[in-house]
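Below, each structure is written out as structure tokens.
Two complexes come next, and they have one chain in common, subunit A, joined by subunit B in the first and subunit C in the second.
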Partner chain A sequence: MNTSRVKGVLLPAIALLAFEGWAQFSHLQSDALAPPSAIIIALLKAIGDGTLLGATVDTLAAAFGGLAAGGGAGLLVGVVLGMARPADRLLEVTLECLRPIPPIALLPIALIALGFGYRMEICVVAFACFWPLMVLSRTAVRSIEPGLIEVSRVLELSYLAKIFKVVLPASLPTIFLAFRLAAGVALVVSVTVEITINPMGLGAGIMAAQQALRPDLMLAYLVWIGVVGYALNDGLFVAQRLFFGPNSTRARQK
Partner chain B sequence: MTAGASPGAEFVFDSVTLDLGGRTILEDVSLKVRPGEFVCVVGASGGGKTTALRLAAGLYTPSRGSVMLNGERLRGPSRDLAVVFQDYGKALLPWRTAYGNVSLALEATGIPSSERSDRIEKLLATVGLPQQAEKYPSEMSGGMQQRLQIARCLAQNPKALLMDEPFGALDAMTRQSLQDEVLALVRGSGATVIFVTHDLEEAIYLGDRVIGLLPHPGRIGIDVPIALPRPRDQLATRESGEFLRLRRELFDFIKASEK
Partner chain C sequence: MTYAAVLWRTASIAIAVAFVAIWQLVADFRLVSPAFLPSPLRTWASLVRGFGSGDLATKFGGTCEHMFFGWLAASVVGVALGAAIGSSDRMRTYVAPSLDFIRPLPVSALIPVAIALFGLTKGMALAVIAFGSIWPMLLATVHGFAAVEPRFVRVIAMSRHESPAYGSQDRIALGGT
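Now for the complex of A and B:
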């Protein structure tokens, strides 16, 4: 761990210690707050009895399922629209009308159509993940160096060869960035679906802890979701550097 | 590339006119390029040199008239016609190595991967890049990248090489050695060459014939046969009286065309 990370951890660590001290000193009794020590104990217990990991698997399964389905569809549509201007003009109004719909607003319909469970959650996540992939891959394909497209014309590459040998490789860094953004969206949307309606995964775990008046467990879930989200983004970030070299993330990562 | 493996292509421009965006870029251009001929095209900038080359490559379709390739109407790009683009940085795939970039042309022709590796090694050696197979274009100098683009064009086993100011962005020394290399390669392959340049001396040094375009709209203004003996030599050829006379003639033409 380098020094800048150590410095970054310093402030939250002090805040937590101060909060712990205050909670112990004032004999904190609350339905919303719990001292950090109690949160850590609840977290370890939830890990120990397997409920937390089971919930994590449920949430991630739905998140990745939705990411794969929606992201994949978005990629396909984005590439096609990026390459074919007529299709782009034909679908522009339709897509621009659908895009502003908040994924969560689909919940009532999704629930009636699909019931509780994975399928419904995956569909809502997929809707949310479709957009970043569609928009970014369309832009990436459109902004390919025209010289490369001419080379593929001069070499008489077939349509598929042109896509797989020129268009996709040229757009890959942007497409991967879109997947990274969409993965974050997928986690947010899946947990939101679970909190609002779907009785499974991490979101449902928070709601159960809340209804059992267990602020320590509720906050333990919250901390855990943060850890999962951080690990997800970090993992994808490392993968991107691995595949496309250190320069692929430098300009875009803030 | 063995001599005579791919006899050169014949181009016939038959009163070709091209309008782009409401402007006439080329007007009533008629021209015949014989198989194996090395034709250089010069002219003031904006005079339609590149446009004429793109018409020959099938990248543009004439608004009126026709471009015939070996007696058949040219309807689009063809693998028989290799194009060397001026901007090599935008014509090479940055994510592929030198080897992979040459391979692209072989993949396009459907040559099985088992036969590619030998041919790619040979082609890279031909253009003077024998040890560079694993390098990426970004790791190569401008001259090397242009050599690589030429290697990819040779991989097409083309009947014609269409070169659009290929050495315009290179320094003088690299430029001269590439000129000689191209002459040697072309002599070995028998391919027809259409070579666009704004450098009159380069045009005279390389060509069997130099065509000068008049601008706005582009028309053929002068068509000069170059009777200099081959093989040509950077010093002796450029110092010969005939070379200087041709340079004077073309220089006067370009000056007059700009008025």
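Now for the complex of A and C:
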């Protein structure tokens, strides 16, 4: 286990060292590339003066705000549609017409309606996060063991009690999976919104570094965004195993 | 489709039409300023005008072209790289962890880097699109090659003993994938 981890790190380490050597040797002057040592220095400086962490907080706040709003709405609609088959069939055309819209295509509309800032970004992220939660929770609710639903009928549970005592617990593993996927989407969309127009967060930071011709800072931002993405993905993955057991992640798309 | 399915579908379309009608009413009664929410009729007119003048069609063509070539590049590179990684244990131990680290990187974060490298060119757009869409292809290929029945591989090894030029491992692996 330990040696395999070392082997995995070997390739990137060699690549970085080779690049560093080449950059030092050729006295690299570029608007796009910087030697790894300069990137590390830029990264440490950006962490030191607080700009990087501030930007991270902005981006994550927008991403999680959108995830909570859009994912929550998606969960609600998904559970309702999963339980009420007629409603699902009636809304099918409407939902399937809206679903393929790329969230980023909503940017201009969100911008005129809400202006720059958190609200606009959260709305776009929410639209993106709505779909995975809606689709997966609908599927999860629909594929609940019919016996469980019958038990709730025998116990004469009310509609809400049925949802909270039977439906939600039974479909929770899938819903958490949807949440994990949506969290990844949320981060991608919020960084994209920031790169495209919204002047805040990590996306705006990396764009500003590029326009200021600071490749070291730009790549430092890129590395940091990668670390944040990796940490988010891995953290939720570990949480999923912790909550639902090692089997819950076996069928993940990897 | 059965009769009932047609009925459900019709009702579903009717509901979608009803939503558009509500949108038209909201716009007609100016509940939201028309600057933010033009009526569906105006939106439709403008869509027709856009296609009529050829402007929208050109842009649509451009997007499709980007999509197609980006996808093509991602497929070619993804399958080639995936085959290389999937068919050798050594590649898997050395290269796969790096891929796992790069994968969660939001693609859009590469846009500034790509702009700095390639400028605002078609190549830049294609590079970003290809990077974003390579993952399903790459991972499925790695998985497919890694999951090839070991007996098939042994068959090749044996067939090579008898007629060295015959049979490539790739043919079997691609068939299995």
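The definition used in the following text is that the second predicted complex is superposed on the first by the 250 of 254 C-alpha atoms of A that agree within 3 Å, B and C clash if a C-alpha of one lies under 4 Å from a C-alpha of the other, contacts with A are read in each partner's own complex, and residues count from 1 in each chain.
Note that in this section contacts are C-beta pairs under 8 Å (C-beta built on N, C-alpha and C of every residue); 3 or more make two chains touch, one makes a residue touch a chain.
Owing to the predicted nature of the structure, the values given are computational and were not obtained by experimental measurement.
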Does subunit B (first) or subunit C (second) touch A:Asp31, or do both, or does neither?
second
Just to be sure I read the superposition right, which of the two partners does A:Val80 touch: subunit B = first, subunit C = second, or both, or neither?
neither
Does subunit B (first) or subunit C (second) touch A:Ala170, or do both, or does neither?
first
Per the contact definition in the header, classify A:Ile41: touching subunit B only (first), subunit C only (second), both, or neither.
neither
Of the two partners subunit B and subunit C, which one touches more residues belonging to subunit A?
C
Kindly classify A:Val191 by the partners it touches after superposition: subunit B alone (first), subunit C alone (second), both, or neither?
second
Once chain A of both complexes is superposed, is A:Leu222 in touch with subunit B (first), subunit C (second), both, or neither?
second
Should A:Thr94 be classified as contacting the first partner (subunit B), the second (subunit C), both, or neither?
second
After superposition on the shared chain, which partner residues are touched by A:Leu157: those of subunit B (first), subunit C (second), both, or neither?
first
Per the definitions at the top, what is the overlap between the subunit A residues touching subunit B and those touching subunit C?
none
For the complex, which residues does subunit A have touching subunit B?
145-148, 150-151, 153-157, 161, 165-166, 169-170, 172
The answer for subunit B against subunit A in the complex is residues 57, 59, 76-79, 81-83, 85, 87, 90-91, 93, 95-96, 104-105, 107-108, 156
Applying the document's contact rule, which stretches of subunit C touch subunit A when the two form their complex?
8-9, 11-13, 15-16, 19, 35-36, 93-98, 101-102, 104-113, 115-117, 136, 139, 143
Okay, in this complex, where on subunit A does subunit C touch?
4-5, 7-12, 31-33, 89-94, 97, 112-113, 184, 187-188, 191-192, 195-196, 202-203, 206-207, 209-210, 215, 218-219, 221-222, 225-226, 229-230, 232-234, 253-254
